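Paired with subunit B in one complex and with subunit C in the other, subunit A is shared by the two complexes that follow.
Then we have the complex of A and B:
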């Protein structure tokens, strides 16, 4: 017996060693791979028929050969128009150059080269800006080596630019693979990480950087996959546009899910109700034309919802440059995934300025606006000044200019120091404790109008049904219902408030009536002290949750210890915080990204 | 160089040094962070960045990149080399702004001020959102100089003209002092206050002034050892900018958030608002021309640049409609 075990272990080890990958895409079975090939060619064809002035259209047209003349005209205008520059330009321009260098006339290549000589390439002030900027500079410096300082817009030589870009990219990869991204899990900004990393994977000459880029693409995808449901990027998000929060399949990430995960099944660009902003999120073309192929294990993780599971993560707050005690405080993320819905939350507080999305229920649906959530619409110059160096009294207005809704009392994205959550599986407590500094003295809840049922119950619960999904919300204080375009807004005007949320489905609860019967038995017991607000609640499955704002989260008598959160923990992804090793698991298959050694390992357990 | 050439050079230098103030022509440097007219993706966005004027603001020339790189502040060293503190790092131009080099790497970002050692122009300090950085080779390399800071967000720095190894830094929780060129720092005053700007009086090296977030104006008459709040008449207590009239000891200007420009004729003991014609009252930068001290320029956030030719008695819009004039410097 012992000998057999040793033998098995040895052979497993041999398999593992033998399959250490040096940048070779994982083997896929034929069906998902063929389906991907079909989708990517479909996307290339669709985008190649566009007429807009963008690198996406140029890429699709040159790749497909469809209307190459027009593509070159557009590219010419993009390379000669000096009003265009910056980080988005940097990686797109060099990516286009490298992808089509054999097709581009020399005059066009010279113009692209000239752009890096004369154009203003702003590095930006966010993580995604820097990824795009340094990817662009890395590849440009690699493409035009041994050129002196006078040949680059920033007065640095090719070697200096290359070293700087390589240095920061390694720094970012190290951070992102050990304590997470600051701009984590963003349906809106996903494109700004995945597209540059795909470009890096396709064109980095250095095999080590190429492998790291591949591993980062894997990491970005598996991070998404573990919280993916039918095209929706579920759970809490660091940054998300209000329109994408209120209509999750309108987010740019959804088209990447369509391409790589095969979900949703519909072609989003054809659907008015989902059509992503600016008609396409066509940056997905960088995926469709890339040589990267998604490892099948990630595809399986993204699409197998046969069993419900809890998935937790710890990420980081973006750099806190003032008014804080730590540069990158941890973010704790909890998501409960099922076949029909996901309930996910961040712990609350200010984890990102401007666009945080702290919690929601997102459900699989053929209707838009398939989500329910609450928030406190907080804004503050001091909050912004934690992350941006400009004057705090000036920042709110300035941010409003670009994000339009920052000070709007009706906005649908916000961090708030007055909001905290406590989640256990499909039950959630959200507490609000607004003080006198809160300019917006209310909390809001988003309920789509197209819910099949939305029924305030005399027990105090509000019961909602969206197809086979059941959502119950118990506001601690009475609120009002305000009718708006695609949604009802529930508004609570009490400064100390909160909601309890339970989510179920036909699979778990049978019928809506059965769900309601179980839920009404659990009366939340509010604990309201002069100092704070809190409550005790027993879930419909019998778990006892106790939570005071600013206090401990106690589950069945045991205090939740956020410090024990791993980087990833769940049935599909596992990683110790700080280890740099991310393990993906599906059935008996394992794929491990070892960022410390820049190695990918695969084996069968 | 021959003996005669050396003599001629010395004479020229002497003439230059002895040149009376009224005969000098000041050059103004205006750092425009952004403009209220800027729109994401628009093709006709206004030009921002560095503008220079050789004629007291009568005309302006743009220098360097036209796109947005978050230019906070620009000044020239004694050797004429230009330094800009930007979002992209610290930029250097040794040809009067024709070409630029980003001297810093990825480790240095969001530089808010850059100050050159008045006695050794190859020594440069950058005040950044991540602390103080120092270069002693004209920006070829930089070293972090943060030892002693509790919170390293530094929005301004002064190199003491009386002892250039001594530095004062405006941090988010008070004023810090270094006596060893930034190798170590200790808090020296205004504990817990957010310091926005710090200035050494051009006529008296022992006089320093500081502007704070919400706590008004502070003055020190013992080279920054002790500080006294001095806010009589200053009803808007967030002070972003302080300028001294080099021709009149004790005449100071303060740029405030919401209160426009305040003037003091007694070293800050009493302040009076001087806002006639100033249509934007968020003033982030002020300079007084040494060649013509009646001429004062005020940079506003989202209102552009204003100019007064009578020591603030009356302001007229000068240029940069709806722009954020973050920094002004005069040579």
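Then we have the complex of A and C:
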């Protein structure tokens, strides 16, 4: 009875605190906040000195007052040139307008208004396209309300455009906060979600939409934070460019980590090894000039790697419009995070077309190309037709025109129906079972040349060392090593193949020799049947993993039940799939995003 | 004369003709009527911005087509509704159904995000307020002039609908090409029944203009299938390669039926679709998306292709000329008043 009373009291107290906090932006303690302020002002200053023709440099210049005349010239050009348009333009143009409307001459304001009248804001066909498009349309319709159909490029009135944008954005927020994004955890495309949501947070008049946008920014950041290591976005990715996969700190997400998490410590744009891609990431200016401030708990989650942990997620497949049984089948993520490295994987199969990155080891490093992974370079018109409405017979060729490498046998991003994984902590089994329909009859492994050691061992293991991180890979079948620019390509030409991966470090294993000694004792036992490929493997920590391609994943005699995966599960983030409640935890602090009620709650446990 | 022949042979060799019809370059006088083309992609303009140079095109002269609406509209199809002096133009596009009520001076998007891409549309000739669209999510119907849309896929196993077509003889009868079958509705899309073609991936359907029970479907991997009893039984058309057929058209003579698809070239059948003979096969033709047959001049044909724009023939496909939009995926060609 007494216990119940205490519980009731605690609940009542929680409700009181929650009600106080529900509209209050989370506060950050002085030190990280001050450091953020320094970084954001530094970024604004650097970008304001750029000369490229983009809304990013215009924003930096107008915000800082540095070279305002040039900024207005660029803005004039951007609003006059009708060869520019689409969803990127839609949210950037209205964001710039709203941020600087007090500074812009009336003629410029009229030009931006005219762009939404005369120019087609192409909506596109991906999740990130729609987020950018509908954010742009929502804010534009809010800015110019009560205008008739003839005043908008799509023949809809301000009211109609506003309601449509609001409807879809609410739909997307609901999906993303309950079963996840389809374009989840993408180092390349992170900017295309975070920048529009920051813009929405800054300028939505409706307090409810403003709060939802703030919660989405929180969610995007904490999703990143839980798999963040020294600027790297770790774990499996739905979509990623090959350059970003092979050189993780060159991905646009890295500069967002620098700005908000303070890592990596270096200014990426100063580094030639990362600079080319990061110069394309000045969208961070939307963060640097935003009023949004990262809750300290997310900063702590992103940067505290004092203890290793397992973090799992369930996300969703992009809308399957053909050849599938359900629209958004679940994606299961498993990531093992440590102070020095992360090993992360998706379960395999076709989870996203074109740019999937199923697994990798990514390690903290002061060298580029700090990752090791394998893949099967799959392509098929049918795969694309699952997600795109065009004729499947030549979809591959058309996609090649945009993404250039889709049918390339040497590509570094791919989903494949012939690839499956099974991960337990820092051990991973990847199986490949290619049938006669696989156009590329090989699998490839990426090994950076700048590894300190890469030693094929007579036990069959390949041992690698990158500073204090140790990586062991056991190919089930013999392969060949091909030297390329920044990497060695390990190529296996057997159709039934696979690799076992163990990752360690000086912290866990002491020395490289000790790591190797332990690993070689765990010789994988292949279970190669006529129908399939599989193996039994005992990890260096004594866990027994058994896995047949297409079969169950069995750990220490117990079958892994993917259906039990939560939306988020780990020491820092917890959410039941479908609940819409995402709880962040750090030490005794809790921040809870309740998307069903559009409330933010914070308390100390 | 010999010089012209030599020139023609050179042209044929250099333009990749394989068999059947031949390709000519000479302009044909009197070919400039009011034609419209739906352009889905332009391989010369890979862009998602404002300048992809795709959308609704109108023919200006022999080989010159002008984009008359938006330069970046991924256009799957076009339609026109006419009664008395009222004329409405429609576009089925990546961002929905567009309609113009004022002779294409202004346009309005009728759908919203719920329908996603609109792959085809079917207009009720007697009632302009009633519209049907085929989408990746199924069939949608509007009964109030496009103000609201209801999903109408009851009875369909799979959602994806490549094409929805209205029966020529009965406004409440519709056909829908789905990834798993051809479906039939007798009650204005309220309920759908599979017609059990027996082949997955139905890409297109055409109903014979004289015989309502005579149906032909083009399939993803298995050529053309024909039914003479409104789908009770089906026969496979012979002669065609086992490939995708995207285009089927019946000539105004009601006897000649044309077909085209992926790596097939142009074919025709004179027996209702049971047997097919090649009309024009060429390396230029990766895919034939659409075949336009001039209902006033049945010897006049136009085909919309993938990446090669439009080809035109004035002699039932014996000779062909390039008719513009090179680089473009042309999904539909229509002649409107």
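Just so it is clear, the second predicted complex is superposed on the first by the 584 of 605 C-alpha atoms of A that agree within 3 Å, B and C clash if a C-alpha of one lies under 4 Å from a C-alpha of the other, contacts with A are read in each partner's own complex, and residues count from 1 in each chain.
Here is the rule we go by: contacts are C-beta pairs under 8 Å (C-beta built on N, C-alpha and C of every residue); 3 or more make two chains touch, one makes a residue touch a chain.
Worth saying up front: this structure is predicted, and the values here are computed from it rather than measured.
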Fit-or-clash call for subunit B and subunit C when the two complexes are aligned on subunit A: clash
Which superposed partner A:156 touches (first subunit B, second subunit C, both, neither): both
Contacts of A:474 with subunit B and subunit C, given as first, second, both or neither: neither
Subunit B versus subunit C as contact partner of A:190, first or second or both or neither: neither
First (subunit B), second (subunit C), both or neither touched by A:515: neither
Contacts of A:490 with subunit B and subunit C, given as first, second, both or neither: neither
Common interface residues of subunit A - those touching subunit B in one complex and subunit C in the other: 82-83, 85-86, 119-120, 122-125, 130, 134, 149-150, 153-156, 164, 167-168, 171, 321-323, 389-394, 398, 401-402
Footprint of subunit A on subunit C - complex, ascending: 40-41, 43, 46, 48-52, 70-74, 76, 94-95, 98, 106-109, 112-113, 117, 119, 136-137, 158-160, 162, 179, 203, 220, 243-244, 246, 262-263, 286-287, 306
Footprint of subunit C on subunit A - complex, ascending: 82-89, 119-120, 122-125, 129-130, 134, 149-150, 153-156, 164, 167-168, 171, 319, 321-323, 389-394, 398, 401-402
Contact footprint of subunit A on subunit B as seen in their complex: 33-34, 36, 38, 40, 43-45, 65-70, 87-89, 92, 99-102, 105-106, 109-110, 112, 128-130, 151, 153, 155, 172, 196, 213, 238, 240, 257-258, 282, 284, 301-302
Partner subunit B, residues of subunit A touching it in the complex: 81-83, 85-86, 119-120, 122-125, 130, 134, 149-150, 153-156, 164, 167-168, 171, 321-323, 389-394, 397-398, 401-402
